[in-house]
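Note that the chains take the letters A, B, C, D, E and F in the order they are written out, and that residue 1 is the start of every chain.
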Amino acid sequence: MFLPSAVFVNGKFCKNPKLVGADDFFASGFNSPGNTNNPFGSNVETVDVNKIPGLNTLGLSLVRIDYAPNGLNPPHSHPRGSEILAVAVGSLLVGFVSSNNQVDGGNRLFTKVLNQGDVFVFPIGLIHFELNVGRTPAVAFTVLNSQNPGITTIANAVFGSDPPINSDILARAFKLDKKIVENLQRKF
Amino acid sequence: MFLPSAVFVNGKFCKNPKLVGADDFFASGFNSPGNTNNPFGSNVETVDVNKIPGLNTLGLSLVRIDYAPNGLNPPHSHPRGSEILAVAVGSLLVGFVSSNNQVDGGNRLFTKVLNQGDVFVFPIGLIHFELNVGRTPAVAFTVLNSQNPGITTIANAVFGSDPPINSDILARAFKLDKKIVENLQRKF
Amino acid sequence: MFLPSAVFVNGKFCKNPKLVGADDFFASGFNSPGNTNNPFGSNVETVDVNKIPGLNTLGLSLVRIDYAPNGLNPPHSHPRGSEILAVAVGSLLVGFVSSNNQVDGGNRLFTKVLNQGDVFVFPIGLIHFELNVGRTPAVAFTVLNSQNPGITTIANAVFGSDPPINSDILARAFKLDKKIVENLQRKF
Amino acid sequence: MFLPSAVFVNGKFCKNPKLVGADDFFASGFNSPGNTNNPFGSNVETVDVNKIPGLNTLGLSLVRIDYAPNGLNPPHSHPRGSEILAVAVGSLLVGFVSSNNQVDGGNRLFTKVLNQGDVFVFPIGLIHFELNVGRTPAVAFTVLNSQNPGITTIANAVFGSDPPINSDILARAFKLDKKIVENLQRKF
Amino acid sequence: MFLPSAVFVNGKFCKNPKLVGADDFFASGFNSPGNTNNPFGSNVETVDVNKIPGLNTLGLSLVRIDYAPNGLNPPHSHPRGSEILAVAVGSLLVGFVSSNNQVDGGNRLFTKVLNQGDVFVFPIGLIHFELNVGRTPAVAFTVLNSQNPGITTIANAVFGSDPPINSDILARAFKLDKKIVENLQRKF
Amino acid sequence: MFLPSAVFVNGKFCKNPKLVGADDFFASGFNSPGNTNNPFGSNVETVDVNKIPGLNTLGLSLVRIDYAPNGLNPPHSHPRGSEILAVAVGSLLVGFVSSNNQVDGGNRLFTKVLNQGDVFVFPIGLIHFELNVGRTPAVAFTVLNSQNPGITTIANAVFGSDPPINSDILARAFKLDKKIVENLQRKF
């Protein structure tokens, strides 16, 4: 029987175990620099269950991030996974913001300059970012503990959603002039 | 022995079961309208494990939200819980934005006008908002499936963190003039 | 390909994410009083994953309960979810019984009269009930942290199962005359 | 430092791993018949985290049940664990009742006579029972997938709670004369 | 519609709840001694979700192990479940080895002679074994908290995999002469 | 109050959130090659919750592995975590062995030569290894989805436990001469 990819279950269908091979646990190409020739000067390459079928149910995915000098991975969050980041090359300014919760101090920024070989942790669902503060390209590898952690780039989700969020809402939420909001919405 | 509140374990210490009473599973005051006399015209009142000790380990917390006419609960996310919202009084425009993930369509806005008795769901970690679009005050009750779901109000976390996020980062991420960013950072 | 509803997986099949819309996260009608014209004088209306497909995997379901004066939601338990209840209108006597476990005190009743705006918690799997002790109809909203929490109404499960439980067993377990048990079994 | 047993965390404090020994994973005495000289003619002996400290966090507990001829383990449920039962000696009539849920058929009794070497499963939170239908004593071993599954014996929780449930509530819920209920409450 | 067994989802497809019967929660034959007429003098009989469909999602499986005098259940581990073992007949020498982790003491052997009625616990993923040290056949029952816990018999996985592990690797890892390794690989 | 490190709870005590700083989410030194001047020619450096307190409850830990030419990370398993490995430098032969389970094919070896930038997955609890098959030193980074995954090096756990496993057991299990086993036990 043919089960087309248009049928969805939670996670993924499993392959017949007898037909599973080593390639189902494998991906390649993580040594190739990503193309950072874009406005942010950064590139995110993800290996998750869509690329490694054997990750199904295992709760892991891997990401390579390239940063041109001054390259930025802009503020974003992962709705379904915590993240651990290691700097392979270069220097990064990284940070995340704790939740509003008073007991946590309220929107505290935890920030650090990382050099090659340094490691940092971003707890699940919190907004975080990385900026290349070195003079050369930088590379980081991160792992998330979900086979499908999702990513919400804050500015895109807020100002670039499809359809757009009502501009009055955004003007008030961000204390911005409505014209600026509408201008932003055209940009994103 | 005295265990001061400055000692933290995951979750909470449990009371001696023999000393637990009905009041440990109880909270009151959810019929009192919250004070919406503030810039957003909304008020969020949370009952979580800090108010109901018996919620410890049970994975639930309850929220009452009051909205003045045109009151806004601005875009925010909960890092550790999904949410179900029911409108008790009035009419709300609600929405959430899916993650960037291409397979999900990429930053899609799911939005709906809700009237009294309507119910809506916000999946874990996604940015969402509610706006009172009726002429009268509105009230909603929501429940999250965590005893401590956290809340990240996007504009506050981005522009109002302590210490502030580098304004260059925000200017680039949000495609805003740096002066506007610094102005925003003073406001939040 | 046609996947008939007679195919079951754990939870539910997921819709094609590209075809999902706001209505998949929406339900209406929770403002309509339930019909309490029945022997218990109460009515339970549930919104779970069967009504809101978007609840799939999110671990939440919502319930509206209406109580006529003196209306009773008889002792029951939810095998797969804890519950948080808020009184929207009226006054309820509520209670749950802890498990036999000696360390818990052994079958302790935790009980409380709740008024409008009060909140109470029923831990997973424990027997609980609510009785309208006011002179007017009452309404409560509850949320359970499961998309399919199940409900076991004790008297129905014990005396009204299909097929019936051996009446000797019930007579001994409940210290009732066997004729009374058989009479109960006819009623349920 | 002395940490008295009056301090409670979720689960249990862990022993210093360096002081843990084989006896922390061990219990004995499961070959001794329990004393079934009681009204139900059955005896339940539990080995959980309170007896085997090494079970902490492992999600397992073990139970030996002895049944005199005609001995009954009366209808009960476990709020926090599913159960698998194996008959070591004798013959048991066992059963459980599914939840009210229409899709499940509604309060269906799943019942079976088990002989030595037979195995049966009771899903989490559902009401179940075992009756010795052989002429000789019977023994069963069951395991639950929780280090502290709890047990709610239905009749005791309903008619024998401390303090008692309002007898009006029980009379209505069980369609019993109030005098019978109050009589039952004296018995339990 | 026909869903052939060659279609795999995580866990198992569920039967139509209306067609489920008591036999879906039942297995028999655990009173029959296993055939221990083999080199190890032991036999393992497993009842998991493949034999009891009703175990699907419940996180339990049951095992009967028979040991001839001097019978050995050789060192193995279960990748997806902790185990609790009860001795039904006879005397067993059992043991497990903690992980290398220094804080745990490093490869500590926790070992014990068990007699009839004794209980022991093997934490998830750790290598363990049982040896019949009595003069008569022995029987143990164990339960794992997974519907599909898996089993890795160490010697078979190491020296008997298909295809074989490079013999240089094994010679170095086990500090064995390469010829001995290759000889072992022929045996397994 | 002073809570000495000799008090253990599951996971770790949490720091007072108000005293938490960025350094609690940080570790350094992952750019320094490990010392591979040892019999296996490999070195494993782990960053887990013991080094990064902020990992507490987040379910992640990170490992750097250095391999001299021909360096071997010998067969081992992690009892509490799946692993994803990325090759930063060099070429590795990697493999894992599936469990005995017939439906899985029975002790199948999944093996692959990985080059720089390649990624491989080792499912929880299964035995796996890596061998440097290049002419130069190699480096890999791996992440496990547990804050304390544990590691069982097979040969050490089997032949080097403290106290040693009975040599008869090992001789039979590994089909080795008892003298060879005892010799191995002296080596490990």
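One rule holds in what follows: a residue touches a chain if its C-beta (ideal position, glycine included) is under 8 Å from a C-beta of that chain, and two chains touch if they have at least 3 such contacts.
In UniProt terms the chains read A, B, C, D, E, F = Germin-like protein.
From a predicted model like this one, the values you see are computed outputs, not experimental measurements.
S.K.: Please work out which of D-E and C-D is bridged by more C-beta pairs in contact, and write that pair.
M.R.: More C-beta contacts join the chains of C-D.
S.K.: Centre to centre, using CA atoms, which chain is the farthest one from chain A (Germin-like protein)?
M.R.: Between chain A (Germin-like protein) and the rest, the longest centre separation is with D.
S.K.: Check the residue numbers that chain E (Germin-like protein) and chain F (Germin-like protein) use where they touch, and answer same if over half are used by both copies, otherwise different.
M.R.: Over half shared, hence same.
S.K.: Just curious, how far off is chain C (Germin-like protein) from chain B (Germin-like protein) if you go by their C-alpha centres, in Å?
M.R.: Centre separation, chain B (Germin-like protein) to chain C (Germin-like protein): 27 Å.
S.K.: Quick one: chain A (Germin-like protein) and chain C (Germin-like protein), Cα centre-to-centre, how many Å?
M.R.: Distance between chain centres, rounded to whole Å: 40 Å.
S.K.: For chain E (Germin-like protein), write out the residues touching at least two other chains, lowest number first.
M.R.: In chain E (Germin-like protein), residues 3, 9-10, 17, 95, 103-105, 111, 123-124 touch at least two other chains, as defined above.
S.K.: Which of the residues in chain E (Germin-like protein) end up touching chain F (Germin-like protein) in this complex?
M.R.: Contacts found on chain E (Germin-like protein): 39-40, 50, 72, 74-75, 77-80, 93, 95, 97, 99-101, 103-109, 111, 123-127, 129, 131, 148, 150-166, 169-170, 172-176, 180, 184, 187-188.
S.K.: Which residues of chain A (Germin-like protein) touch chain F (Germin-like protein) in the complex?
M.R.: Checking each residue of chain A (Germin-like protein) against chain F (Germin-like protein) gives 17-18, 20-23, 25-32, 47, 52, 54-55, 58-62, 82-84, 86-88, 95-96, 103-105, 110-112, 114-124, 141, 143, 145.
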